[in-house]
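What follows is a group of structures, each given as structure tokens.
Both of the next two complexes hold chain A, though its partner changes from chain B to chain C.
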Partner chain A sequence: MSERTLDRRGSGWMFVRANPGIVIGAGLLLLMLLGAFFAPLPFDPVTPDPANVMLSPSGQHIFGTDSNGFDVFSRVIAAGRRDLPLALIGTAVSLVIGLLIGLPLSSKSRYSEGFMRALDAFQSFPLIVLSVTIVALTGNNIENIVYAIVIINGPRFIRLIRGEALAIRDGRFIEAAVASGARPRRIVFRHIMPNVVDICLVQSSLTAANAIIVIAALNFLGVGVSPPDPTWGSMVQAGAQGISLGQWWVAIWPGVAIFVAIASLNVLANGIQRRVEGG
Partner chain B sequence: MSTPAVPALRARQVNTRRRAALKYAIKRIVIVPISLFVLGSISFVLVFFIPGKPAVTILGDFATPEQVARVNQELGLDKPLGERYLSYWGRLLHGDLGKSFFTNEPVLDDIGKFLPNTLELVVLSLLVAVLLGLLIGVVGAYFSRRWPDRLMSGITSALQSVPDFFLALVGIYVLFFLLGWAPAPIGRLPVSASGTESFLIFGSLFSGDWETFGAAVSHAVLPVLTLGLVYSAYFAKTTRGSMGKALLTPQVEFARACGLPERKVVYYAFLSARTTVITYIAILFGSLLGGAAIVERVFNWRGVGQWALEGVLKVDVPVIQGFVIVAGLMTLTLFLVLDLLVLALDPRVSYE
Partner chain C sequence: MLSVSGLTTEFHTRVKTTRAIEDIGFEVPAGVAVGLVGETGSGKSVTVRSIMGLLPTQGRVVGGRAEFEGADLLAASGKELRSLRGRRIGFVAQNPFGALNPILSIEKQFANVVRAHRKISRGDLRDLAMQRLESVQVRGAERVLRGYAHELSGGMAQRVVIALAMVHEPSLVIADEPTTALDVTVQRQILDLIDAQIAGGDRSLLLVTHDLGVVAQYCQQVVVMQSGHVVESGAVADIFTAPQHPYTQQLLAAIPAVPWASEAVQKEVPIV
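Then we have the complex of A and B:
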């Protein structure tokens, strides 16, 4: 074994020690994603078993079964196939919109101020109701929840990126770039964009956390659900009735999955933030 | 020689500041009608996003063309667009928001019936959220980087990661099923009671109807606790941030040097951090009007959010429009009051 591999292993461990938040958050998330797509499930998540309905957790069904006889454990794991990628796609679209609109608006012209006021008015709406409306109206597909995520999170990205870019624009190096005759496009892409990457990373993981809540909330309301495909929100909804009767396992386990997914994204965001600030 | 000039100069400075503030306030108020116009127009345009025809929504898929034509005429959909827009504004300015497609109830009456429920829920939840959030945030900021701070920030992140509807279900399981402390999540009062007046809690409190008051409060505990806990995370975070900064300022050092008791020191630090908290109250109030919808639905609270949500799920256009207008109107008013309040409270805000 050469010294270099040892070194690399050593520095990897250093990274873990220095950034526990990033490692734990990203690790949990990766685990959930891999599990959703590749883990061997004890039962088929979409095959009902009428003989075994509403069983409480046991050795065979470790999370119990629901009123259709679905195995709750298999469904909780399999639901990640829909919820997680959708959240990531929604986040990516919000980020791109934030960059495409936020960067050009990072000037103090009257137009950009006017646009920000309009954005204020838009954001003051009860956005969850607006997004339910839009998903319900554009056809009740789970893919359309991406619109809801973007409507809620796109403006946040625009605001954040614009604010950061405005601050960066005051920097000496931008002045120098202007003086040396760089075109506006080069300034934006070569000088400003690399400097907003950090906050974009932090905001992206916060957005993904929010996206998971939005997806779960809409599915909980029955919007964008196509039974029998499992999603965490629709599973919580399926268990909501039984919870007053003490049948906790149908609703609680998918709820715990939502909690773990959101918490690991929040931990990831905190970890990135800490690393960026150099604290 | 310069002594007489100084008061004059100060007077002029104060005057300029006042004038700037007044100008800002007027500007802020002038914007309101413009915002209202935009709001009303958005709600009008909303109808064009609806797939299919409203007439088909009302009558069902098997309606005959004659029936569709008749309903279209009743709704005024056969007229040209410009005329429809004008008559829409005409009705709106008379306070006529139309009738629900499904229940045929006037939308304004429905809102009058359901809005008080939501207001009670939101006000009580925000009260819990603010008190709890301030406590968590101030303790965290005061013991900065020691174990209480870590504990409080842990609690904050946990609260931030729970969806409200899930916390509601956990609450029902623990407080209703296991412990039996809270009543069943079936609405605002027990099935036997027949109180249908608006403002159940505040109303019965003022009229001294203790039986209704007790029943209404016990039914409110779980939803209020759910929303209060979830939203306290926002206050905890902002308070921790702004208090953390405020406690490091020279004025706090000076207050300590003067020998003020710690309680006073923290209080003065809080005064300089309070505008952020007030801003957050207004923002959350606006978003909770609709944002409480899911929790309202879980507890069958019969609030305006639940009503709008059910309208949305049924594609009940006048209900959606009415909700957008009323919620938007309330949010606009709230932000106006907020801006003027911050203007009055915080001399550091610039008016440009």
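Then we have the complex of A and C:
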């Protein structure tokens, strides 16, 4: 070990310089989250104003107003209260399920192969249709949106983590762990799991981006919406008819918000990937 | 201490079954270092892996016994085997960088090895790890503990592996070509270190190697393997002076003569 071993913490600025993707992606996301919960909004997002309906963007209503006289800007910001935490919770649940099922399945037993084939069959369904059906059948509440995200992304995590763990299991250091008398559960969670943290971080950002699309799609279809609370998906839906009449602002701005959220998550994922690969 | 008899291991694939080792038998008495020698592919590693229960999934022990501290390692339940591995039997693998987890700090790896068998507080663990590292002559043990495998030199990494294997003070150490992956200049140091860890007391060593010179220097007994069979075994002194089996004779003849004994070489090689 050399005397010049780098100080792992480094300074904050060094981190920013070395990881612009992580900083920009996570920063934008944090800004959207904080804004959704704490930013002072120019208008109340859930109080209709019948006197000011369908105003185009102006100095007062910078994103305009919709057919109920809601201020679009306030609603776009406030929608983050619902969409972002739901996406993050759905991602976290998918990740935990992926770890709990994917890691133990990394043994090459016949049982685990069977499970993977069953998962193949399950994934061959158009999952977004499946999840809409499930949500429609089980009732229109928020938890069901989380289930929908997990149905779509849980199998992806399981597959990814199992694949990675299989490769790691062949490593000599796992053999050494076996030779040290470690129990299978210890090997899985203490020796293998730390090695999949990297890819889990990358996949989690991508999953969160996907979750935002799923939420928007479900909300667009009217699933999991409780009017007048704003969501990006339901706002796009509400404004969709107006586009042909030239009232573009009602649908475009929530669309832009969805784009920014997804783009920042993808930038974050890319940044983590680069850091992991030591680029 | 360790008594192996009739050990036979096969490898199964869909199309055929290969018998890698057959009817292997040898003893590792308490306090004795035994060298297991043979050329590449002679079945040394398969023998050791069979005993340790580390065969790949295609491998299967089809017969024999390996008695150790009153248990048959080949018939032991998973639980029994786990309680012996690491705790009573230490294993030193060939490539230290392979044997160390690349993304866990050395301290974490000590924690994993120790906690596989007993509970230990963080402070006690640190003290134990420091003491073990110092016993294998790792300088700057504190920094090594904080660091990762890739920051270590080959010799250092193998010292750490040896320290990890010795943490539970096992009565038997199995070393599978512990110096093959290392620079020649540190090979001797590592072997001396293993030797020192064994010396004194009843600790035994099973040293797998293809280097008869190493066996002559560090072992009291030797088992010679060829194509999956034990062809000769006995005390080092006997076998080196009077090898019975033609294969052993060839192996001994293959040891290169010490070049600097020749005056001609001395003249040719410029002194730097």
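As a convention for this text, the second predicted complex is superposed on the first by the 269 of 279 C-alpha atoms of A that agree within 3 Å, B and C clash if a C-alpha of one lies under 4 Å from a C-alpha of the other, contacts with A are read in each partner's own complex, and residues count from 1 in each chain.
As a convention for this text, a contact is a pair of C-beta atoms (placed from the backbone, for glycine too) under 8 Å apart; a residue touches a chain by one contact, two chains touch by 3 or more.
Note that the structure is a prediction, hence the values are computed from the model and not measured.
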Using the superposition on chain A, decide if chain B and chain C clash or fit. fit
Contact-wise, after the overlay, does A:A263 reach chain B, chain C, both or neither (first, second, both, neither)? first
Applying the document's definition of touch, where does A:L137 land relative to chain B and chain C: first, second, both, or neither? first
Please indicate which partner A:Y147 is in contact with in the superposed arrangement: first for chain B, second for chain C, both, or neither. neither
Counting only touches as set out at the top, which of chain B and chain C does A:H191 meet: first, second, both, neither? second
Check the residue A:F115 against both partner chains and state whether it touches chain B (first), chain C (second), both, or neither. neither
State whether A:I252 touches chain B only (first), chain C only (second), both chains, or neither. first
Can A:I213 be said to touch chain B (first), chain C (second), both, or neither? first
Inter-centroid angle chain B-chain A-chain C after superposition on A [Cα, multiple of 10°]: 90
Is A:A240 touching anything from chain B or chain C once the two structures are fitted on A? First, second, both or neither. first
Across chain A, the partner (chain B or chain C) reaching more residues is B
Give one of first, second, both or neither to describe whether A:G222 is in contact with chain B, with chain C, with both, or with none. first
Shortest C-alpha to C-alpha distance from chain B to chain C once the two structures are superposed, in angstrom? 10
Just which bits of chain A does chain B share with chain C as contact spots? none
Which residues, counting only chain B, touch chain A once they are in their complex? 35, 38-39, 46, 49-51, 157-158, 160-163, 165-166, 169-170, 172-173, 176-177, 184-185, 286-287, 289-291, 293-294, 297-298, 305, 308-309, 312-313, 315, 320, 323-324, 327-328, 331-332, 335
For a test of understanding, state which residues of chain C touch chain A in their complex under the given definition. 52-54, 57, 82-87, 91, 93, 95, 98-104, 112-113, 115-117, 140, 143-144, 147, 151-152, 156, 161, 164
Mind pulling up the chain A residues that touch chain B in the complex? 121, 124-130, 132-134, 136-139, 209, 213, 216-217, 220-223, 236, 239-240, 243-246, 248, 251-252, 255, 258-259, 262-263, 266-267, 270
Which positions of chain A touch chain C when the two form their complex? 1-2, 5, 108, 171-173, 175-183, 186, 190-191, 194-195
